[in-house]
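Heads up, the next two complexes both have subunit A, just with different partners, subunit B and then subunit C.
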Partner chain A sequence: MDFDIETWVKVAAFAGGGIAMGFGAIGAAIGEGFTAAEANEAISRNPGESGDIFKTMLVGQAIAESASIFALVIAMILLFTDFNANSVVTVSVLFAAGLSMGLGAIGSGVGSGFPAGAACKGMSRQPKISGRLTTNMLIGSAVCQTPAIFALVTSFILLFTNFTGRPVSPTWAAILGAGLASGLGAIGSGLGGGLVAGASCDGISRQPLAATPVTNVMLLGQAVTQTTAIYGLLVSFILMFKTFPATDLLAPPMALLAAGLCMGIGAIGPGVGEGFTARSAVEGIAKNEAATADLTRVMLVGQAVAESTGIYALVVALVLIFVV
Partner chain B sequence: MAIEGVDIVKAAAFLGAGLSMGLGAIGPGVGEGMAAAKACEAIGKNPKEAGLLTRTMLVGQAVSESTGIYSLVIALLLLFVV
Partner chain C sequence: MGDLGRLHQLIVPFFGHNMTFNIEPIIMTWIVMTILILFGFLASRKKSLLPGPLQVVGELFVAQLYGLADDALDKELSKKYAPLICALFMFLVLSNWLGIIPHLEEPTKDLNTPLSLGLMGFVIAHVAGIRVKGLKKYISAYFEPMFFMMPLNLIGELAKVVSIAFRLFGNIMGGSIIILVVSYLTYSVILPPFLNAFFGLFVGTIQAFVFTMLTVVYISVQVK
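After this line comes the complex of A and B, so read on.
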């Protein structure tokens, strides 16, 4: 069976669309389900506040949904655009765009569910501060969405950049690596950021007086948690925009693909781990505001050490791209 | 495209290096994060022991870092030696 290249481009577009929406649906569904479960628990504790809790649940779920809406947009573009380029690079571009957005939506979707659930629960405990809780939930889950937005940016750049004129090998592997780096790299940071935001909503509802330091440390902790997703974005930008010399060998394309895989997978662990750290720091500050300075310092030291393996992955990825 | 044995070996070494460091980074990242989380919890309860707790946290993290360093060593071996 011999297919011409147009067929392969169509195959890649449809497969990419399926991957984008299929993977992209996982995170948001889990996150929103968690939110709904917490909202039910909250309403059963305090049925009088059911109106407010219901509203907060819907707002929180809408934010968690945005990651999978990004995936839907990419899937729609892949399904309904007529890609008439006829090179193997296009096949790789379409597939990578789907992979990047699909994988990138998982973490943010799950993560955004945590603050929304904690905010619902907090309202049943402290109905008076529902405004403060909603604000904190919105800030926290907005930060959770950033890794999904990084993945969206990568997918858009892949879809709308003109790669014609680049040598087929190793460009196909660089592109695939770029999609994997952004997509996989977004999982850990999205999840980790969500853990932090959830703890801060919970903390504010337990100790409304400590709301300011709790929100501040939440943002600091989330910012550190995002760094590995930013490494993933960085590696995928290098892979997309650097022009690599043409080659007939198998090793150079494999090095670029491995660079993307290495940074993408390597970003998951530190992202989740730093999220655990910041979650506990935020919880501690809500319980004992006097220890804010100590806790922030230890949180940053702990996160810096947890970051180290992410940095090793970045180093190995850069060696794979620039040295070997 | 003439693919030779040496080329395939090199390609596999590169892929292996990427996978080694990538997968190897997951465990230490999560584990060290947990250690730091418990240290934060403990300092929140007992801020006076912050110095001792930070020291213990760092020693524990250094030990759990070791598998990440093994992965790095293997990745560098695959890249430059094999």
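After this line comes the complex of A and C, so read on.
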């Protein structure tokens, strides 16, 4: 058995496909299980609404699964496409595409389970507003998928960009770093966005009159929660599209890999933390609509402070790319 | 699949520099602008107490978005910026919906469109901040809570432009890539219309609204 470059490209495609679908299956399964658990609890509370609750559970689970389906698409492409470029960069590209999509699907999968569960529970509490709750759940879950979509964009750009002509030595590390930055970076934001959307479905079921400000602030909170995932996307774009000079040393490639890792891991915490902030703000607005303006302002300032560690990670990643 | 990421560019030499024009987004932007101007003309041509269908749609947009501006800004500023907010939302919504028509594509799929709109919002927000608070108070806001936080505050402000632009771009681009790839894998059977409805109409509307609301919030944060 000899390991020539064609074999390595195949190995990377298979490993990438496995990683994409393996990691990609984690989040959606947890989210869907949570939804089903909440639906069971809701039906036990109000068995008369079991038909509506069952339907909402299925719709919510279908949306929570979309992150996993993105991972399935990437895994299928990796497994069934013939990649006949024979360079070490291709090996790294295939592996990074799998990593990005697999890791990126975790957060959004778990996150979009929360609004679906809260919507089921809310329906048992307030059967009359099931239409408004379903709309809110759909909007919240769709925005929850944004980080997974960013990871998907990175994977596709990796797979369909022509990297021939780039020097092998730092490029392989830059590409791996790009995959890690958007993949890991999507975890926290997906989870945090789900917390916000869940709280808003809960809030609407408690106080249907406050539905409009609750949905608006939910969208705002989710959007700000996604900021660190966007930094991850930004760093991976820089790593993918900048041409780095060839080098024989080990240090420059490692700096690029570290930039991706730094941004990816650094984005997890702020994403979840900002989700907590926005969740409480949304809960507060449902309880006391008159305080919407104050709650929104404090939420934005709190999120900005929680995000500062994500900005430190961005600064360090940019220093690693451009300075070191 | 071959046309993924292919772009027609017009490169014009200009005093030693090359100016690059992405032709498709420009044409699509002009189409959106034409439709919007036509819509505005037709909706307001025969204004009456008993509104026609186009006037109803126009009034719906204006009333909702003026309300959004009223919630975030005080009366005087809201009157000033509400037309901008309204125009921004209508442009973005129509841009994001354009992709569901075959042979047309979303101008927001090109990073240049969201980035320039984000920059526009950034400049407007900061000019409004300087006008309302005065230059001294505006600058001193960067030195809070401690003077050495200035570089990080500055990066935080610039990162807002990046985040607002990439959020729209990533969602629209991701949606169109998914539609393209799934259509290719399933030989365009059954699935594409549903995907177009979800990513084009639903996600497109949500993201247009998020972009608009963030622009309003950026202005309101600066003026307070």
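To be clear about the criterion, the second predicted complex is superposed on the first by the 322 of 324 C-alpha atoms of A that agree within 3 Å, B and C clash if a C-alpha of one lies under 4 Å from a C-alpha of the other, contacts with A are read in each partner's own complex, and residues count from 1 in each chain.
The definition used in the following text is that contacts are C-beta pairs under 8 Å (C-beta built on N, C-alpha and C of every residue); 3 or more make two chains touch, one makes a residue touch a chain.
Since the model is a prediction, treat every value here as computed from it, not as a measurement.
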item: Side-by-side fit of subunit B and subunit C on subunit A, or clash; value: fit
item: Contacts of A:S308 with subunit B and subunit C, given as first, second, both or neither; value: both
item: Subunit B versus subunit C as contact partner of A:A36, first or second or both or neither; value: neither
item: In the superposition, subunit B vs subunit C on subunit A residues touched; value: B
item: First (subunit B), second (subunit C), both or neither touched by A:F150; value: second
item: Which superposed partner A:I77 touches (first subunit B, second subunit C, both, neither); value: second
item: First (subunit B), second (subunit C), both or neither touched by A:Q226; value: second
item: Which of subunit B and subunit C A:A255 touches, first, second, both or neither; value: first
item: Superposed arrangement (fit on chain A Cα atoms) - minimum subunit B/subunit C Cα distance in Å; value: 9
item: Set of subunit A residues, in rising order, touched by both subunit B and subunit C; value: 307-308, 312, 315
item: Subunit C partner contacts - residues on subunit A that touch it in the complex; value: 70, 73, 76-77, 138-139, 142-143, 146, 149-150, 152-153, 156-157, 160-161, 213, 216, 219-220, 223, 226-227, 230-231, 233-234, 292-293, 296-297, 300, 304, 307-308, 311-312, 314-315
item: Complex contact set, residues of subunit A against subunit B; value: 169, 188, 192, 248-251, 253-255, 257-277, 279-281, 283-285, 287-288, 290-291, 294-295, 298-299, 301-303, 305-310, 312-313, 315-317, 319-320, 323-324
item: Contacting residues of subunit C [partner subunit A, same complex]; value: 1, 4-5, 68, 71, 152, 155-156, 159, 162-163, 166-167, 170-171, 173-175, 177-178, 181-182, 185, 198, 202-203, 206, 209-210, 213-214, 217, 221, 224
item: Subunit B residues touching subunit A - in the complex, by the definition given at the top; value: 1-3, 7-8, 10-12, 14-19, 21-41, 43-45, 47, 50, 53-54, 57-58, 61-62, 65, 68-69, 71-72, 75-76, 79-80
